[in-house]
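Letters A, B, C and D mark the chains in the order given here, with residues in each chain numbered from 1 onward.
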């Protein structure tokens, strides 16, 4: 199996879903069951992905496979290329995307049954998978942007899939436009990169940076470039302050939420940041970390009080993504990716689980009308629980490791830079996560059913829907990532598969612990977690155990609290909410972000456009017509005017002629003697004019 | 001293063969009318034959440059040169068309018993013009203007029964005789100052002795009044709209083209010969600086075109509209003169030969339509584009050409005027003139709008006789061809700017 | 192939068709339509033949030898003295990488517009006569290399357009028509003046060594041909060149249309019949920008350089102003009209950058906007034919009723907002790369990126208002696309997608010219500055 | 006993000219207006003859005068005919009432 072989299979992985999309869309009207083709395609893609991942990780584990072709050229010097970069992250992501996508396909077969636009739905899933694979495979930032926009499109289409609902179409529009805001920044960043390095490929850009070539020759602009590019991630990964679109995106079908708005697309932002990690300066990373921190904290507080099962999950997604971004910002490169993958599985599992619940409850989403479902939906319950444990970071789950790693890094970061805020927030969020997740589980599955009627009719979902749950729940177990249930560092995922980050930002712009001091940096992945400087490694070792214990304690206490509140009802929740009413409502209303944006940006733009519209109609045209309007006044006196006058510049002419013309009318009296008088007079005038 | 040297009388006679032929035709018409006063339909034929022969004799005059009827060894009454020949040519072409128009004009047909009168008077006009374009003695100029005018006074009021006609002729004669009277008075003063009425002599007098400035200016302005009346430039134009509207259409057409041409010819000759000092290499005239002709003419032309265009915006009567448009065109032509260079002169000649076709065309079609619907009011043209497509389209083409849009000939005419202006660095004037064309577009396009954009249910049927069809084509062809291929036209014009004495 | 006068055929085929139609009886409506269709079809074929025989390495722009399919012979040749009596005008046609894409565009758009004219109901004959005349005018503008000829064709379009809008237009057609006419004529008198000015400033050396004034654009472009005291010659100490440039620019800008000369566009579009809107937005607007690139840039390179910032500024204003104005519209067609203003802004921005990326982007954007906006206007036409209203708020939920139609709409809209994979993206990206690349226009480029956002906003909003949401009961019975409409929309969609995925063919077409233009302008800059020094 | 010189003639002619203009402008009766025209012509005649006499320009001036007289007669004849016609059609010779042709 050669590298070209890998390239070809990757090509297949990329384009098969596109084929599925085209076929399904075009034949959708004719053939009722064409969706099966799409499902088949995805299955093939999945196997291809597994195969590639296997080959790569077992035979080419240390290689970076790159292939480029020219797309178009403008002159001998300027030519635009497209290409693949296949390293371990790529294949792992490919596998994740293909797997979840395939599972969602299966799930949807049952979930979306008896929808009028059944086939088109699968077609959209196809184009989404295509674009997502594109993002994963690309080796250059331009191609990244292209597929970036395409996932945006597919997400727009899928969120607004039930476009008869205004809320749905609104949500789609919102998602697209909010993303565009981020994309503008990313686009600007890309432009800067191209103008500086005359290429889009990550590789070459990093090389030139390492060689000391900086945008506009300044560290500042390197930082800016990093931040601008990261803006794209802010949009896609629904980071603060652009996180508002994700919760609305839940208007889409639940499997879509699982695929796009939980597991893959929203993770693309993080993936992008990982890809550009090499050029990030300390300032840029700080910025990223802060954004991540805010996005981890704020949604977590919101999730505490939400009652829509999908909304809770949505906010938890934002919060988890914030977690990853923050982690990246403080340099926890490998654990970010680890958490990304782990999160993809268990969050997908949670969403599909919620989907299965909603399906059983006939599209009831409010958890206050649920309860006691664990007897009715045992399998759903079991998988949901496992995923919940994973996200809360209870041992033996993937989440435990990834989260632990991140928290340890934040600990280390604190100890190295004396900046503890990230650690604090990190632990706080861990606590809250455990709490609201178990609140969700308890209210939904435990206790007594609140809506008897719906409860009666609820029954376990069919196999095609449960099977994905089981697979995903399974993948939330630690064993797939590391043999040691308490420490992932020696596990193959961290130590073998993930190489240390390649840093190219100038030394003086990095965090101290990242700077290249003599022989400190080693890119030899066999040395487990050793990245950056020795001191960092020390700090990591030191941080590992305390962080783990603390995290565990917090997770458990969060769990406990949830039980006290909602299971054993030791504390009356309503009383408590009454007690902290303002906080509660503040959280319930999502910190009023939507209201704020509507009042400011949206209203502002619309208002301004109205103004411009008026301006255009009245002023710009008016400057020309203004004369004309005068003329209309004039025309009251002079009969024939209106007919002649049209508008615009014509009015102006007519206006002038109005004046002159009026005089003329006086002149042209038809009385020959008047004429002669005028002739005489003009002769005299001329006499004076030309008598020099 | 006007002392005809009889010895070479024959030579001089040869010089005016065309005029003689025209006069003979005039006589022939009268006699024919007296003898066979039943065969009216032969009169136009005779006229055309006469014009044809006149033309034959005009042709050899191209390229020649000789004087006829000398009053002293180096001065003469007439100068037979390409310049005059060119204008004679134009006048004959115009006359032929007008004769043809008259044959199918209801107004003229309405008084069948006076056909002979009509055609003979028309020849009176033509003869007047012929002498006018080649005269270089003020008295001869005055006399030929009078001959031209007196005939046209009558023709303007040809249809006695029509109130419009009678009024037109009365106004015309009062206005006309007054301005020619003023001109005569001016001539008398000039005579007093220079002791001669011959342009060459006046020129030489001005050359060495200096003359009383103010008196001289008065006389010049008075003469200018007379000519200005003929070419109807503001402020001597007042008769134009009324008479154009009142007079029978063929006559209006004739006045708007032929007599205007004659007027311009005499104006150019008067200025160039009387004031010329020398001719610079680049073709710019050096004039004796008694009168600042450039400013005078530029002023006149700008006022004229602006007035004409803006006033035309108002008109609802198409004849009146065309009257004002012809005033505006006089303005453009005047610009060509104002450049005071051979370039300008060429431009004028080109413009005129194009103007002739498009203006006659417009008038002819207006006439044909008026014959049918007895109205020249624009509102009555509503929807004609659909009931009589051919006529309307032709009219549209003529109007577009008058506006001066490519690829019609009108554009070439304007283009050459602007050539001359830019070449003389008179950019501002050029811009004013161009803006004027935008205004002009508006009232011309208004006619098109009424004919094509507005619809009506009442249906007009006009059957076009083969003759008229041919006439229209004959007018359309140059209007379109000169728009894309104007080499011959320009060549002729360029070779026709030679005046006797240069 | 080399001696076959393909460009003349391209240009004058429509005249031939016009004559044929002229002699067809009024009643033969079908045969009239078919004749037109055949003629425009032939034109399309010819343009493709042209494309196949095109030499991709020839630069053109200012070098007469690297123009292709040249047809040149004396058209007006009047002997005489040095002054204007001696006038030589060439019938000079030729194409390079700058004009060929637009020739192709014209052929395509006209063909499709013919199809969309199928349902013209009143006085068909007149309509198609005017239509074909307009076609000749447009084609001529793009192939003429002699200023005089260029101007003739330029003016030739006015009258047909006036009638096409004025007779077959909507309720306020007369107003729109006259407004269009007066605006453009106002613009073209400036062009005329500058043309005459240039004529007197530059001399062509004939074979016999005599020098004559010339209209030949390529001759005028060569600074060595200027007469020392020609009114617009750089050697002339007066600064008329600047004024002339501005006048010329205004003349062209009115066609683009550039703020603040744009107010004729919305009216013209709203009133014009669909086919004419398609041509107007698809081809006519490009003439403005083409004129600037073909005439203003190479003839006044030094002034172009010094004014590039202002051009960029107006580009930016167009982009943002147009987008915002579009957002405020209630009328579907008016909205598209304003979106055109916004998109032409990208062209301006791109050319102002004066570098390879920017200018390629501009030209590509011309082509892409031509196809995309044509789609958009066809789309509006489709819905207007069915519902007889264009009020955006009157619709809703058509996505259910007319799925295929909605599909095309979605593609067109996303192409318009520059979605990657569709042609709009590449040109816009190149424009921005260019704008960023040149120091003078960088800031304006950055501000203009707002246009991307606003574009998405109003397009998606429109999409939602018309096609999403509950189906308005009123439109329960609207049929989906007919075969003819498919036939119009599919090719355009194909082009849009193809060029979005693989722009190379189009870019290779213009690369040589773009690069030689950039080189020429930058070198000329040096030359002129050396002139000013003494 | 003062010597009659050129200026006297000129004064007379100018006076006549002005009178003629005055008459043309003020008189309502068409006939009177035409008489004004005649006055103008004759004032010009006086000029011609006077100049010819005092400027020793020979006979040219006198000849011109003769021409003009003849011409004046012709003009008068036509004018009267036209006035007559107006009288027939409009039953008036008051030129103020002849103003149907105007803007």
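The rule is short, and it goes like this: a residue touches a chain if its C-beta (ideal position, glycine included) is under 8 Å from a C-beta of that chain, and two chains touch if they have at least 3 such contacts.
Bear in mind the structure is a predicted one, so any value in this text is a computation, not a measurement.
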| item | value |
| --- | --- |
| Central chain of the complex, centres being mean CA coordinates | C |
| Pair with more cross-chain C-beta pairs in contact, given A-D and B-D | B-D |
| Distance between chain centroids, defined by C-alpha means - chain A, chain D (Å) | 99 |
| Approximate Å spacing (C-alpha centroids) for the pair chain C, chain D | 67 |
| Approximate Å spacing (C-alpha centroids) for the pair chain B, chain D | 27 |
| Distance between the centres, which are taken as Cα means, of chain C and chain B, whole angstrom | 44 |
| Residues of chain C touching at least two other chains | 174, 178, 182, 186 |
| Junction residues of chain D - those touching two or more other chains | 21, 24, 33, 95, 98-103 |
| Numbers and ranges of chain B residues touching at least 2 other chains | 170-171, 174, 178, 182, 241-242, 311, 314, 438, 442 |
| All touching chain pairs, where touch follows the definition stated at the start | A-B, A-C, A-D, B-C, B-D |
| Chain C contact footprint on chain A (complex, rising order) | 29, 71-75, 78, 145-147, 149-150, 153, 156, 160, 163-164, 166, 169-170, 172-173, 176-177, 180-181, 183-184, 187-188, 191-192, 194-195, 605-606, 608-610, 612-614, 616, 620-621, 623-624, 646-650 |
| Complex contacts: residues of chain A adjacent to chain D | 664-665, 668-673, 676-677, 680 |
| Residues of chain A that touch chain B when the two form their complex | 640, 644, 649-650, 653-654, 656-657, 660-661, 664-665, 667-668, 670, 672, 675-676, 678-679, 682-683, 686-687, 689-692 |
| Sites on chain C touched by chain A in the complex | 174-175, 178-179, 182-183, 186, 259-260, 262-264, 321, 324-329, 356-357, 360, 397, 399-400, 403, 414, 419-421, 425-426, 430, 432-433, 436-437, 446, 449-450, 452-454, 456-458, 460-461, 464, 467-471, 502-504, 507-508, 511, 514-515 |
| Sites on chain C touched by chain B in the complex | 75-78, 80-81, 83-85, 87, 123, 151-152, 155-156, 158-159, 162-163, 166-167, 173-174, 177-178, 181-182, 185-186, 189, 192-193, 196-197, 199-200, 231, 240 |
